[in-house]
Amino acid sequence: MKLGFTAKEERLRAEAAAWLHAQLSGPFRDLRGLAKYSGELARRREWERALGAAGWSCIGWPEGYGGRGASLAEQVIFAEEYARAGAPGRLGYMGVELAGPTILACGTEAQKRRFLPPIARGEELWCQGYSEPNAGSDLASVRTRAVLRGPGSGKEWVVNGQKTWTSFAQFADWAFVLCRTEEGSRGHQGLSYLLIPMHQAGVTVRPIRQMTGGAEFNDTFFADARTAADNVVGAPGDGWKVAMATLSFERGVSTLAQQMSFANELRAILSAAEANGLIRDPEIRQRLAHAHIGLRLMRYSALRMLASAEAGRLSNEAYTYKIFWASWRKKLGVLALDVLGPRGEIAADAPYEWDLLPRLFLSSRADTIYGGTNQIQRNIIAERALGLPRESRPG
Amino acid sequence: MKLGFTAKEERLRAEAAAWLHAQLSGPFRDLRGLAKYSGELARRREWERALGAAGWSCIGWPEGYGGRGASLAEQVIFAEEYARAGAPGRLGYMGVELAGPTILACGTEAQKRRFLPPIARGEELWCQGYSEPNAGSDLASVRTRAVLRGPGSGKEWVVNGQKTWTSFAQFADWAFVLCRTEEGSRGHQGLSYLLIPMHQAGVTVRPIRQMTGGAEFNDTFFADARTAADNVVGAPGDGWKVAMATLSFERGVSTLAQQMSFANELRAILSAAEANGLIRDPEIRQRLAHAHIGLRLMRYSALRMLASAEAGRLSNEAYTYKIFWASWRKKLGVLALDVLGPRGEIAADAPYEWDLLPRLFLSSRADTIYGGTNQIQRNIIAERALGLPRESRPG
Amino acid sequence: MQFVHTDEQQLIRTSARDLLRSRAGPAQRRELLRQAPGYDLQLWRTFGELGWTGLAIPQAYGGAGLGWVELCLLAEEQGRALVASPFFATCALAAPLIAAGAAEEQRRALLPRIASGALRIACALSGSDGRPPPEGNAVVLAGRDTQLTLSGVSDFVIHGDSADLLLVLAHAPESPAELSVAVIPAAAPGVTIRPHTMLDLTRPMSRIELDAVRITRRDVLGEPGASGNAVQEALDLARVALASEALGGAEQVLEMTTAYVKERVQFGRPVGSFQAIKHRLADMMTAVEAAKSAAWYAACVADERPEELAEAAAIAKSYCCDAFFDCAASAIQLHGGIGFTWEHDAHLYFKRARATATLLGSPAWQRERLVRRFAAGESATPVF
Amino acid sequence: MQFVHTDEQQLIRTSARDLLRSRAGPAQRRELLRQAPGYDLQLWRTFGELGWTGLAIPQAYGGAGLGWVELCLLAEEQGRALVASPFFATCALAAPLIAAGAAEEQRRALLPRIASGALRIACALSGSDGRPPPEGNAVVLAGRDTQLTLSGVSDFVIHGDSADLLLVLAHAPESPAELSVAVIPAAAPGVTIRPHTMLDLTRPMSRIELDAVRITRRDVLGEPGASGNAVQEALDLARVALASEALGGAEQVLEMTTAYVKERVQFGRPVGSFQAIKHRLADMMTAVEAAKSAAWYAACVADERPEELAEAAAIAKSYCCDAFFDCAASAIQLHGGIGFTWEHDAHLYFKRARATATLLGSPAWQRERLVRRFAAGESATPVF
């Protein structure tokens, strides 16, 4: 057990810090501290390209596909420096953290060559099509259908259905979509993991307005949308297995980046408490300490996950991480509003625009819902990690 | 909606207050403030007899059976005055609040004449035999068997089995016991509600030492224990229905008496906080306020339950009352120890004797278990009060 | 002693529920929230015609002469239906303030017009930080007799942008404890009203700036400088009404969520058959039942036992608001993604829950107040 | 960077678990708790033979020269097995206090005897109210050079009734900040030791009265009056060990409860198949995993980053103790009635959890300490 880094790793740290500092005090000064994924679209696309051009976008990927073949420790270091520098939230998230790793793990060589480099260069952005109106917690009940049509080598998938909660869909170039490709199949069977171009007539994106007032999610409608027959990851019918692989990629280095925005939020709460004197209130102090502890523990847990991942195992802390951070952030949201006091309930702007902390209060309500509700998380922990008997299901 | 009392009711209050004051500053001065059921056995028996002799033991029962035919409002008034006077916890509890009302509601005229007056006079004490080692939350799985044996009119029940958590068993004269009387029956079917004399060779009582160090509960073993054929309440086989009636009597006027001991505990915590200065700690203050609020709400809810009961209905607050007070008291126990600080963890006496507040901390751990665990309570609330679908059961 | 609503009181509840169901449903609400004043003026007129605006005003002043128990039933039903309405500000805050603090002549001038529904009154009681009045009061009443002026700022003024009159809490220069309440037309010269966009869309608030607004002695309720007690009494009555609103909101989200989980199917069964969901709803119901006890008892106390009002109001305000918030938060969680959308009602209840908790002293503030009372021996800790 | 135990460290864990399973099982524990000293002296000797007592003591002083990471593995396994043992007081509190505060000569005199298992040392650091030392210290070190005396009272002295030596924290007359630590034989004249019966049956404590106990300059560790920093450092190391113990306890109650609910049948199925039970266990596991992160990280910091120790110790002590308490409470609840009986282990863990939380500063005290650090800017709030 060792917390320190090697000399080689420390050199990478210095290189990353220098580059980030130069960019974020120079050409991308305006993006510094923009943790959220929304806003400043054009500039953020430029930022993704700059990261790509300098080889920082996907450092863990093999060099042949646009990465640096960096070790996990090096990835941690880069995430730390990225956070320390106040670099912005990544528009490329879905491609870099989900689509890319899935293709890397389950895709064909041709798919890797076609899709990975544009992600690594920051040129193609992705979104995820899993949830449907009637397939929320019960993801296996997707109804979006895809059938192979057309003659011989000209065959393509024709997709019909509706996906929901598709974040990034409004500007994504590609979507990875879970579709039912076997007529009459049910549950986990008969699903396929398709890669679908978003810029086509058969795809319509409609923003979903949320309780925050913003619209970061979308309904995405596929009406005879098309994609080439080759654009299926894994074998047709193996989509569930491939999709589950993606879900497990959600845990890992990217959690460190996520913690960066949490730290910003906590820092803002602390500043507000210092400004209005509530920092002297013993009960607020206890809650600030709880928040601080939670944040640290997330970091320590992320380091454990990485060490386990390096050893090729999915360890227990990986099962519990989602519910831990989601519950933590929800409490943080209430603390934020309690620290702000009544004035925190006045909007920054009409019609319904909110500053960082009230937005945290509102947006954190979704944390325990999306990506598997707390209820689903607890089922998974109990059944998979603790080996308790599965829920009995009616026939 | 009206909180005030009638002139007649206020007269009863004055009468009760005068009698209680005279007794508890006179002959029973030593019992004042003894909320728990343990200790001072002989004196408590005398107190039960004194209550009986003065007609205060079971004022809600009909006059013919030793009561006063008092209205619910009058019972509330008596409970209030009983509490205000610091009168001791009642050794007669199981007979007065459970066995008696059950016999009154479901018993034969002969049973009423035989059993009620001695309860009302404080002469016969009772205990309850429901739970068994393998029938805890799942009460319907009792295995204690009873069979009718013997010739013609000399028939009697012969009982074999083990009951557990039988409080009061060590000094009770009678037990009301749920037995399986139909060979091969399962679940709610085939159970009978028997009244069994405790003073006989076939009954053995073994105290169960608890984590408090005390032994207020018992294992009670029946080995060819006997009781007369007539000592069954309701028809043989109807025991479940009769037992459920008893459970519903657990809610009502007696809750007000229970709240008396809770109030004593809270008062002791407040005194401790005032003595050691923690009363100035804002976080302790919040928790004291929460405790105070909870106690008041229990009282208001008890008043609502009584009003509903008067109207012959079991209202929603009755479903939620148990989980409310049990969860409340468990928190109170932690608050108690937090207020006492480290010295609260030093026993009053060897081998393992505890003062009121540490005892509260320990004993409150059982509150969310006995009388239906919190989990069972939530099932009942969800299924019976909210009408949610029943848990699916494997075949 | 009968701690249960009478048949007459039940009837008030039923008719309120029926009216609000037909006139203040989700569709109407969505429409109204889009524009000023943020509530249905027609519905408000109907409140007047039905006598709701005068329900708790004595008959001598043109009201129905009923009590706070009845008024709180209306508040509870409005909370349940999430009605945006001047009812709270005018009938549950301004009216008791006038009743408690005004001279007979002023009562005769104002109360009948409230009772008839002719007046909407906003109360400018809070300072810029929104603490419970009179803490942070920043309006000064200066001058003497006919030469009085009001200057300063009040914020968090409910329906300040659509009221006919304002009740303004002010203190004497350099004497924060000498509190007066002045009645001024909302359109008086020197008054600037700046509406906010609030978290809670159903209770619009404004900031009000008073720039040497000229008034006379007759515009001050009762004795100048002596309104402290009247304000406290009115605030506690208003807190009981807010607690009742919160109770109604909690009841509604519980029912709404219960209905949803019975219908919503996942994994081939209604989600309401999963024990985790059932238990969460059971916890909601436990909180709702305790909130009923708290709010109903406080309303009774308001009518029967003034000496218990401060305590009962603090208990009801803190418990009911916490219960509403927890239930509304659970409602979002149990609705899943749909509960997080703008189009679903869940967030409107959630935001109202938060805002109601904040108003006139947060739950924590009420609890601190309670401890001050019993640590000072004003109420024996105990129960009985 | 490798935040995971090495194979060598895993081996220490495995052998500790094996030994404790065979030598410190529930039956042995029951037997030992009945009489003084409340622990197994044979087992303690084995600790010495195996080199556990000297695991974290430098080789120069006869130890194994390993680090706090290794010592905490032993603490974790002892917490898991609920071992009553002088290990904590002697090896995790007294030894680092001597290492940090003693002169070289004193280290040479004491550490090798600790390493060999020859000495049991109790630390009399707390005052009568049990606050974290040096708060409430009530022992005075008076006089000069050869004419020194120790007078006063110390309480909550772990294993005070069975130690060979006492480390006594004392302050100079009328100068509470001038702290010294004296080493005296437990049998020294003027020392009275009064054992308590404690809530936690596995960690006996005593009150120690010192009536003008005569000592010399050589009995004082390091420079008289200058031990404040050494005490703080030793306390933080001890807190990390306590956090590790708490972690072990939490892991054990989770496993014990998981096994029980798989077996216990009610309503015709294992209770562990009910979602409410499963979810509670999931919450326990979530807390246990976070506690692992906290305790393991703090142990690493103790070895590698002294500048982070105060913070990591406060985090680990508060989080792990809370997690242990919550898990032990859940264990009682999920065992039902049987979990409340004296004969079942659940209450022993529960009481140990409470007592461990209290020891050397409660979780709330640790949190307040954390806030003081980051509100003062000592650690940036933030994470990275």
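Order as written gives the chain letters A, B, C and D; numbering starts at 1 within each chain.
One rule holds in what follows: a contact is a pair of C-beta atoms (placed from the backbone, for glycine too) under 8 Å apart; a residue touches a chain by one contact, two chains touch by 3 or more.
Note that the coordinates shown come from a computational prediction; the quantities given were computed from them, not determined experimentally.
The pair with more inter-chain C-beta contacts, choosing from B-C and A-C, is B-C. Ranking every chain by how far its Cα centroid lies from the centroid of chain D, the top place goes to C. Rounded to whole angstrom units, the spacing between the C-alpha centres of chain A and chain C is 42. One finds 53 Å separating the Cα centroids of chain C and chain D.
In whole angstrom, the spacing between the mean C-alpha positions of chain A and chain B is 54. Residues of chain B found to touch two or more other chains are 282-283, 286, 375, 378, 391-394.
Along chain C, residues 269, 274-277, 279, 364 each make contact with two or more other chains. The touching residues of chain D, counted against chain A in their complex, run 1-6, 9, 69, 258, 261-262, 269-270, 272-273, 275, 277-279, 281-283, 285-286, 289-290, 292-294, 296-297, 299-301, 304-305, 315, 318-319, 364, 367-368, 370-371, 374-375, 381-384. Those residues of chain D that touch chain B in the shared complex are 126, 128-131, 156, 196-200, 205, 265-269, 271, 274, 276-277, 329, 332-333, 336-337, 339-343, 346-347, 350-351, 354-355, 358, 362, 364.
Considering their complex, residues 281-283, 286, 392-394 of chain B touch chain A. Of all residues in chain B, only 131, 134, 136-138, 141, 164-165, 208-211, 213, 283, 337-338, 341-347, 349-352, 358, 362, 365-366, 368-370, 373-375, 378, 391, 393-394 touch chain D in the complex they form.
Chain C meets chain D in the complex at residues 274-276, 279.
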